[in-house]
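Next, two complexes with chain A in common: one pairs it with chain B, the other with chain C.
So, the complex of A and B:
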């Protein structure tokens, strides 16, 4: 046992919020980046909640069976790719509605995850190694907040990479053209169906990595209630990040921090209204939606053909 | 009301014939749980209790996990009755009771239902429902004693789901136990708002450790995330509901856990002997304490000293022989009001405690 940590008082809140942002933002980050990629191609995948759960379960199972958490992350991504591919195939059938198919995918993904997840009786699977960036601090709370999952940095790098892909590369422009105006894209000789298939599948793979974070670091267990609606919240997050990968990153950090607000205020002795503070991520969603969606500026950046045939 | 073949045989022919009948016809008992069987918490504690029935070859136990507290609970019970031939059904989750267990019990008067912790009302509810529950306060008290002996900062943390009487009782008895060995100890409480919220439980645990607490416990569907976070942050952890020592190989102290097998075996035997809750031969309310082995202390973790084990054993002996009452007055709440008068000692089974709406002195938090 190490020496008991000293109390941080009010600074504890700041540390908790920053720590919370770096721990709790990762699922939001990966799911929203995956959804951003999907929606840029003009399709919606509401089934991310199911993908997140499948990713969480697969990562836990594979890490437990093989002893390698990184194999768990890869397996989660593979499971996400499969679910993404299924959604891509489904939504390209004639007269299939994206939203309806997405809801079916939530049920399918979570049902599949619960079914296979039943057999994991191990309390914990081998966890992802953490980067210890807080070694300089003598305050255990700070040191602990700065023990950061490598997936956090992968997520940040991905958001900048996606931004670069969308703005600077041929593939990115093809995806955006497909999402904005599939007719025009076809006229340019782009295989719209193939581009969409690729974008939706890759989006699923990204989102599932967020699930791996849930079972392999924070909170680090497999439970049917592990996602708690984060997959759905992250889809909403893409809308108010206005389909920009870098804004998705910022929004994810905000949400991760907001998640820590309720518990840390209570531990500081502010006991009233904890239901309200616990609801802060949801209130934040509403507030940001209202702030960003005035009739004039609404949905700038929205892919032109999103959700249409 | 129809008389079943088993009851008829029991009445007419006595035990030899009955024994012969058992050989051909197992007693089917159904169990429904609200969550998964491997939650290392409340649901697993019931599933483990059900698993102890294996030692009775004349019992066939069927179960269904993750049964929501909706009409699905009724459907699951119906399936057990009509398809598996269940004669006894245990509904383990609070929300399975009204209206689901009540309705199915009314439809099937020859089947006996037992509900964990339900609020039975003789005027409204059918006679073939029994209620069972345990009072685990004494075990929380012992667990709290060990926490009080182990803390160096004098601050304990408690992550709780909701401020309902049963949770408040556990926070209070844990704190009373800790303060019985070290009167300066305080307990900080964080409410998460619901029974299963792993991410928020982990956040709450982490923020409590940031505030300097060095023993962490909780009351949620499964406090395994709380115990696990304690281990990661290098502080001690105490479990609840089920044995969580596997989540914290270094810092686990002990915990209060259920032992439902006691209830399930007893009811199975009574049902085999032709007794029934409908005619009152099985008591309407089956409740028990540490003494009745409805609950027990989890195995000690490796850091618990011999001296500490001996002190806990002595206190446990005191509880078992009745010389140590855990709710002995004066007990003040954290607003300074006397809740249990000096000279009064409440028994854990006293109904007064079921209405508990305060946190005792030494708890930092609000019961509202």
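So, the complex of A and C:
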């Protein structure tokens, strides 16, 4: 998105960052919500980077072939469900380590995405329509920052929905019980394997929608470097958000803003350390992890069975 | 290390199963799987010339495989290999360019040491974060990969840039006699020696020394290790340093033997493929030797798939991913198969 912020002076950076946060947060939002759902059931899916790439490629391909970006979003979710189901099935086999399985799924998912995506590298697919909320402003920078993808609002709604599911519904209770203490959950008559299969599969589906945003939003192209580790950072973000869907939302906005820092500074003419500024989300994630993790492994809000066999 | 029946049959069975599934994948796309495997064999192992290609690919893989395999013995999954290769390469080119006036052997020694130090500290940092702060080394390792690549781009487009490199930014080249040579009559460079020696030393270290044994105890059960008075933190971080130093040398070899300068090709994916090698080898240094050659052959064959079958180069990534999934699934077989002499043998992970 090209912003001419000179007219706004220092505020230009703020507007660019806020606009960037609303655009850039979408993949983080969906992947972290999907991961939150997965981890609430007591399992980790580190393979979200592969899911994100697969979602991005599928959404782009289906949108290009059918002309309907919304079909692309649905197809991406379906691809994510399949990868999620594979991860869920694998990690339920005895002696299969879920962290190692996640690494394998990153390789497998990105391999499939690059394989099928080869033919789509050049063209441009139909993009999702944008909601124009900045019509009232005469400043082009503000107006363009307020052209928002509908997926942004879908993501916000989802985070509140998930919060409601976790705290107010029978399903949510079953998922939390499974994640906190599978033995006790079994004693209550909960089918732990089925609950986990459902949570991990659905989590993959959610995450893949974030991938759809990567290719169905400006500039609307598919390339192999498109996800740039966002799937992985979103996994770290769930720890930062202490396994709460609503805090995932806030953290996603923060990360989206950090991602916009490099391009925003560049648009202000500051491009001396372009590559280093662009790396700020990675640095931020690392800093946040160092600040919030603890070696004795008892973090508030952490599902009890997480990381245990 | 005594090889037991399942140690050999289970991984080979997993490889065979993965090849079968990948074959079905190819057939479903209308490509003859037997033709694909024939091409891969021809491009990787069919002639002395293709063997040389395979060995060139295998030499960074040997070192990158160790980067995951060594810390795995101390119970930590390291996947920051790619970043360690990149910073190792950057350290090597910096040392190489600043010692360009010195004799060739001195300069090469400095390059190796700088690469080991950079790569080693890079991975040791990530391992120390896991041990002392509880930050998953998997996550920090992948983040550090992206940071290393950003650092590389910043350096080769900034302070280290050779002004005559316009379209693809690179550093100044190393003097011709300050590069690694080739085995006579081949295009296999001496970097292969680093890999082979690395694997042998690592095997000796892990299987024949007190340090290696302490490392395995720390990786097996931290409580036991602490009870018998082992310095767990130091052992784990040291294992990370040694692994990272190996990946750093891989970066040095790419700089000093393949490219002759530091450029974007440092980030060629050997680090990621090294993770696969280590898991296929079940984290054993000698296994890394075997599977580096096998996977090196696959990597060497990816161009052939493009030319002969019009398949994209990511085809090899799909095959690698399938292999990875099956080798992990094969872990589940260990406890269940009743083979005489075989018993549950879970990798410390």
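Convention: the second predicted complex is superposed on the first by the 282 of 309 C-alpha atoms of A that agree within 3 Å, B and C clash if a C-alpha of one lies under 4 Å from a C-alpha of the other, contacts with A are read in each partner's own complex, and residues count from 1 in each chain.
Here is the rule we use: a residue touches a chain if its C-beta (ideal position, glycine included) is under 8 Å from a C-beta of that chain, and two chains touch if they have at least 3 such contacts.
The structure displayed is predicted, hence computed values, not measured ones.
By the touch criterion defined above, A:278 reaches both chain B and chain C.
By the touch criterion stated above, A:290 is placed in contact with chain C alone, chain B being left untouched.
In the superposition on chain A, contact of A:228 is made with both chain B and chain C.
Once the two complexes are laid over each other on the shared chain, residue contacts for A:191 go to neither chain B nor chain C. Shared-chain residue A:118: touches chain B and chain C both.
When the two structures are aligned on the shared chain, A:46 is found in touch with chain C, with no touch to chain B. Applying the stated contact rule after C-alpha superposition, one finds that A:260 touches chain B and leaves chain C untouched. Shared contact residues of chain A with chain B and chain C: 114, 117-118, 228, 274-275, 278.
Listing the residues of chain C that touch chain A in their complex gives 77, 79, 129, 131-136, 138-140, 142-147, 150-151, 153-154, 157, 272, 275-276, 279, 312, 314-315, 317-322, 324-325, 328-329, 331-332, 334-336, 346, 349. If you check the complex, the residues on chain A that touch chain C are 46, 86, 90, 93-97, 99-105, 107-112, 114-115, 117-118, 228-229, 232-233, 235-236, 273-276, 278-279, 282-283, 285-286, 289-290, 293-297.
Listing the residues of chain B that touch chain A in their complex gives 35-40, 65-66, 151-153, 155, 157, 188-193, 196-204, 206-212, 214, 222, 224-225, 228-229, 232-236, 244, 246-247, 250-251, 303, 364-366.
Residues 1-2, 4-8, 12, 15-16, 19-20, 23-24, 114, 117-118, 120-121, 123-124, 140-141, 144-145, 214, 218-221, 223-226, 228, 230, 259-260, 262-264, 266-269, 271-272, 274-275, 278 of chain A are the ones touching chain B in the complex.
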